[in-house]
Amino acid sequence: MKTTKILIGICFALLLALSLVTLRQKEALLILNWGEYINDEVVERFEKEYNINVVISLADSNELFYSKIKSGTTAYDLVIPSEYMVQRMFESGMLQHIQKEKLSNYHEDMFLPGVNGFIESMSAVFPEYADYQIPYFWGTFGLMYNKRKTGLEEIIKEKGWEAFFNEAELPTGTEVGMYNVPRFAYAAAMFYNHLSPNAIPNEENIAIAQRTLSMRKFNEWGTDTLKKNIQKRDLDLAFVYIGDFLDMLYQEINDEVNPKDISDIAYDIYIPDETIAFMDSFVIPKNARHVDLAHAFINFFLDPQNAYENASVVGYCTPLVESYNMILAGKNSDDKYLQNWALAIEKYYPLPDETWEKPYKGTPLTNFDVNSLTKITNMVNNVKTR
Amino acid sequence: MNKYFKKLAIPYFVWLYVLAIIPFVIMAILSFVNNEGLNFSKAIFTLDNFGYLTTSSTVIAFMNSLFYAVIATLTCIVIGYMVAYAIFRSHFKNKFLVMTILILPMWSNMLLRIEALKNIMEPHNIITDILSKLGIHVSLDIAGTPLAVIIGLISTYIPFMILSIYTALEKIDYSLEEAALDLGLTETKKFWKVIFPLSTKGIVSGSIMVFLPCMSGFAIPEILGQGNILLIGNVIDQHFRNMNYNLGSLLAVVILIIILGAIFLVSKFDKEGETLL
Amino acid sequence: MIKQYPGYEQYEVANIEDYGYKEHRLTKKIFKVFRAIVIIFAVFLMYIPIFTIFLQSINSSTITSEFGQITFKWYANIFDKGSLLTAIRNTVFISIWATLISTVLGTLFAIGISTLERKAKRHIMLLNNIPLLNADIVSGIGLMLIFSSLIHIFPYFFGWRTMLLAHIFFTLPYVVLSVLPKLRELDPNLFEASLDLGVKPYPSLYKVIIPAIKAGIFSGMILAFTMSFDDFVISYYTTGNGFDNLSIWIYSSMGRKSLSPSVYAFSTLVTILFFILLIITNLLRGRKQHHENH
């Protein structure tokens, strides 16, 4: 009996200690981010330098970012949504102006030409875009495919979307996956029909999209599972973020036991001319409590060295010219990983040349209202349950 | 005892009214209007949301939910009964310990377990990799099929069934069994005439605890069905994700009414209203 | 034995059917084999995910489909990852406190409910079932709605407070439902007797009733802990100000990048820890009973 009492006593003491540690509420900079989308070491350095706690919460969709801010349960200081969500947040009056004079690292031509081009075309539909966000990472969607499937690489490079949707074009037994976000599936169907991914989902377009998506049965509607299944050879072709592909690639060239060369990777990605382009950027919500610190944080990540280190963990390409050049300089390094990283960035994020119509590939998505999204979701559900 | 502790129940009434009934009322209101998120200032009364209830995908999703939940529950009853009965009849000294070890997997994260289950349902996974190194080449390719979803549902929720059936079996007075044998019943007859009827309460409560999460959950069909299988939980989740709180609430309210109807039936069946667990 | 009896062969041997019974030995045997297969299958179904998680936790390769070498580095890495460690700490904090509070409150509420008249009892039990049976996403958003009405008074309300309240909300019904049946079995005279002996009502509640319903309280507590420890959806909607639990962490990490194998390591550790705890409590209980018997 005595031992039991002592044990219970010890348990309670431990519980109290735990509670004290957990509840020690320090003033903190609250950030809402995607999962594993930041280098923790860089964040730690920021915490030391500014003597503040940074608490990062995670969400896995732009819509969730929006509803998390809208519900007002937490006053986030910084959020990292994609461009169309920046527009939607701005239109709902949720964002505040970024005070560029507070960003000492910021200067006019610090971004890659593609990023500048992206901002320019966004500004055509949403003039305030440049004043309300600072680019964080950017990229496109593409068709990730399995190189081991004979004939697949050739046909995808030759026909792109035509092959993706037509079962007859693909080698027999090709397993195809689609990104399980209705908006992206709709965009893919629009690309196949050479329409804009931002075409309003009226009855006609919904019918077109439904017909296109019903042309074949997709083996999988997934998100992060698509890239893993292609790597595992359980899937041959899928519409994914370029970062999904690079993620898998980095994992293999960075593997501790068996690091591979970029040329040995058994899968690749093809970026069709018509695809989704996206840019995730820092925005500051209106009700942020630490506006100055939020600016300091953005500024910290505009430092080329920090951005370089951050990009080394994340997989997407940095928007900063200087950091981009630092990555490419890795080609001459002895470190095999840095070499492979440089090669990957050079190959998958090429600088534009005169043959390009615009300095970046793809079309950014614009904001759709709730009713349009519901229509698209419903259409995709109809496709799945047909 | 009555006069002293009656007041103890009052706070719980208040608590449940505030936290269970008020949200329900808000959701019921949300399903009749059209507004953005939870902002009621621009709310317009509409019945448009009800139109979506009859779209084919919603109906199919609902039928799917019902179908998968029924199949999973029935299978859980059969398997769960056999497991619980085997433990009940076993000669282990500490049956409770065996029971808890059996349901130990329940205490690790459900999402991780489902992910792991999905991995091994695909042709290339860690187990086939190890086996192939040993020279054995076997693989399974059922991820994305209805079978995968049903297996996932059973694997996740069967501990609840085993637990409640076992609890019911434990309560059976041994003298009843002795009496049955004294009256000349065979083992099989004793089981069907005495033990089984006395354990139906456990089956009912276990079924409810399996059926309802199967019906309303979305993670298992999403992951194991590889996005190809749509249950009503997925549809509700999609609408809330798209910030269409009106349609999401409407579906949620419909499901809730069905569930409340089920509880009402159960409470008719069991007058004390304590069937669950 | 029978065979030794002289003239044995001359007599017809009676079959079990002759006594009006049916011969079931073969069916019984088939059923037994079938039952064994089903039980093995059930255990296999429940344990295979755990086993896979364990394999992934000792796999040196970050590729989940390939086994490199056996490694324990992911176990060491758990404590490197700041956000994961915080999430683990938060999970433990919330689930233990939620379990303790809802066990105490749930027991008291159940005692209160057991004294009500039949109609009131049925009313409250119907309400009690709502949190239990509601789809998680509906409970989560509903609670968020209620809590956010307080946000103007307490700007930092969301976080551990709301998550704890939410967890108490959905674990309470389990405790109430586990305790009530035990209260029904209780002898009402027990309490009267202690009053007659001059013990005040509340002390006698503690000294007489609680020990009698201990088993129900315990199973309610286990269920509450299970539910709280694993919850994702309700936690996700009711948390705020950066207070994330493990399920939220896992779910959001699945988003764009692959999961760190440290999560598998942590999950395996938890399973082993629970296993050890179970064995220890059982040993202690066994010893205690042993003492009492002598």
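Chains here go by letter, A, B and C, matching the order in which they are written, and residues are numbered from 1 within each.
Here is the rule we go by: contacts are C-beta pairs under 8 Å (C-beta built on N, C-alpha and C of every residue); 3 or more make two chains touch, one makes a residue touch a chain.
Model, not experiment: these values are computed from the prediction.
More C-beta pairs touch across one of B-C and A-C than the other; that pair is B-C.
Summarising the inter-chain layout, the chain whose CA centre lies farthest from the centre of subunit B is A. Separating the CA-averaged centres of subunit A and subunit C is a span of 37 Å. Look at where the CA atoms of subunit B average out and do the same for subunit C: the two points lie 14 Å apart. Along subunit A, residues 61, 71, 232 each make contact with two or more other chains.
Contacts with at least two other chains are made by residues 64-65, 148, 251, 254 of subunit C. The set of subunit B residues that touch two or more partner chains comprises 38, 122, 124-125. By the touch rule above, subunit B contacts subunit C in their complex via residues 1-2, 4-13, 15-24, 26-27, 38, 78-80, 82-83, 86, 94, 96-97, 100-117, 119-120, 122, 124-127, 129-130, 133, 151, 154-155, 158-159, 162, 167, 186, 188, 208, 212, 216-219, 233, 236-237, 240, 245, 248, 252, 255-256, 259-260, 262-264, 267, 271-274, 276-277. Subunit C makes touch with subunit A in their complex at residues 60-65, 68-69, 81-83, 89-90, 92-93, 96-97, 144, 147-148, 151, 155-156, 158-160, 162, 239-242, 244, 248-249, 251-258, 260, 284, 288. Interface residues of subunit A facing subunit C in the complex, by the touch rule stated above, are 4, 15, 18-19, 21-23, 25, 28, 30, 34-37, 40, 44, 55-61, 71-75, 223-224, 228, 231-232, 241, 243-244, 247, 251-252, 255-258, 315.
Within the complex, the subunit C residues that touch subunit B are 21, 24, 35, 38-39, 41-43, 45-50, 52-53, 55-56, 59, 64-67, 108-109, 111-116, 118, 120-122, 124-139, 141-143, 145-146, 148, 169, 172, 174, 176-178, 180-181, 184, 188, 191-192, 201-202, 205, 209, 219, 222-223, 226, 229-230, 232, 246-247, 250-251, 254, 259, 263-264, 267, 270-271, 274-275, 278-279, 282, 286. By the touch criterion given at the top, residues 61, 63-64, 66-67, 70-71, 92, 180, 182, 218-222, 225, 229, 232-234, 370, 373-374, 377-378, 381-382, 384-385 of subunit A touch subunit B in their complex.
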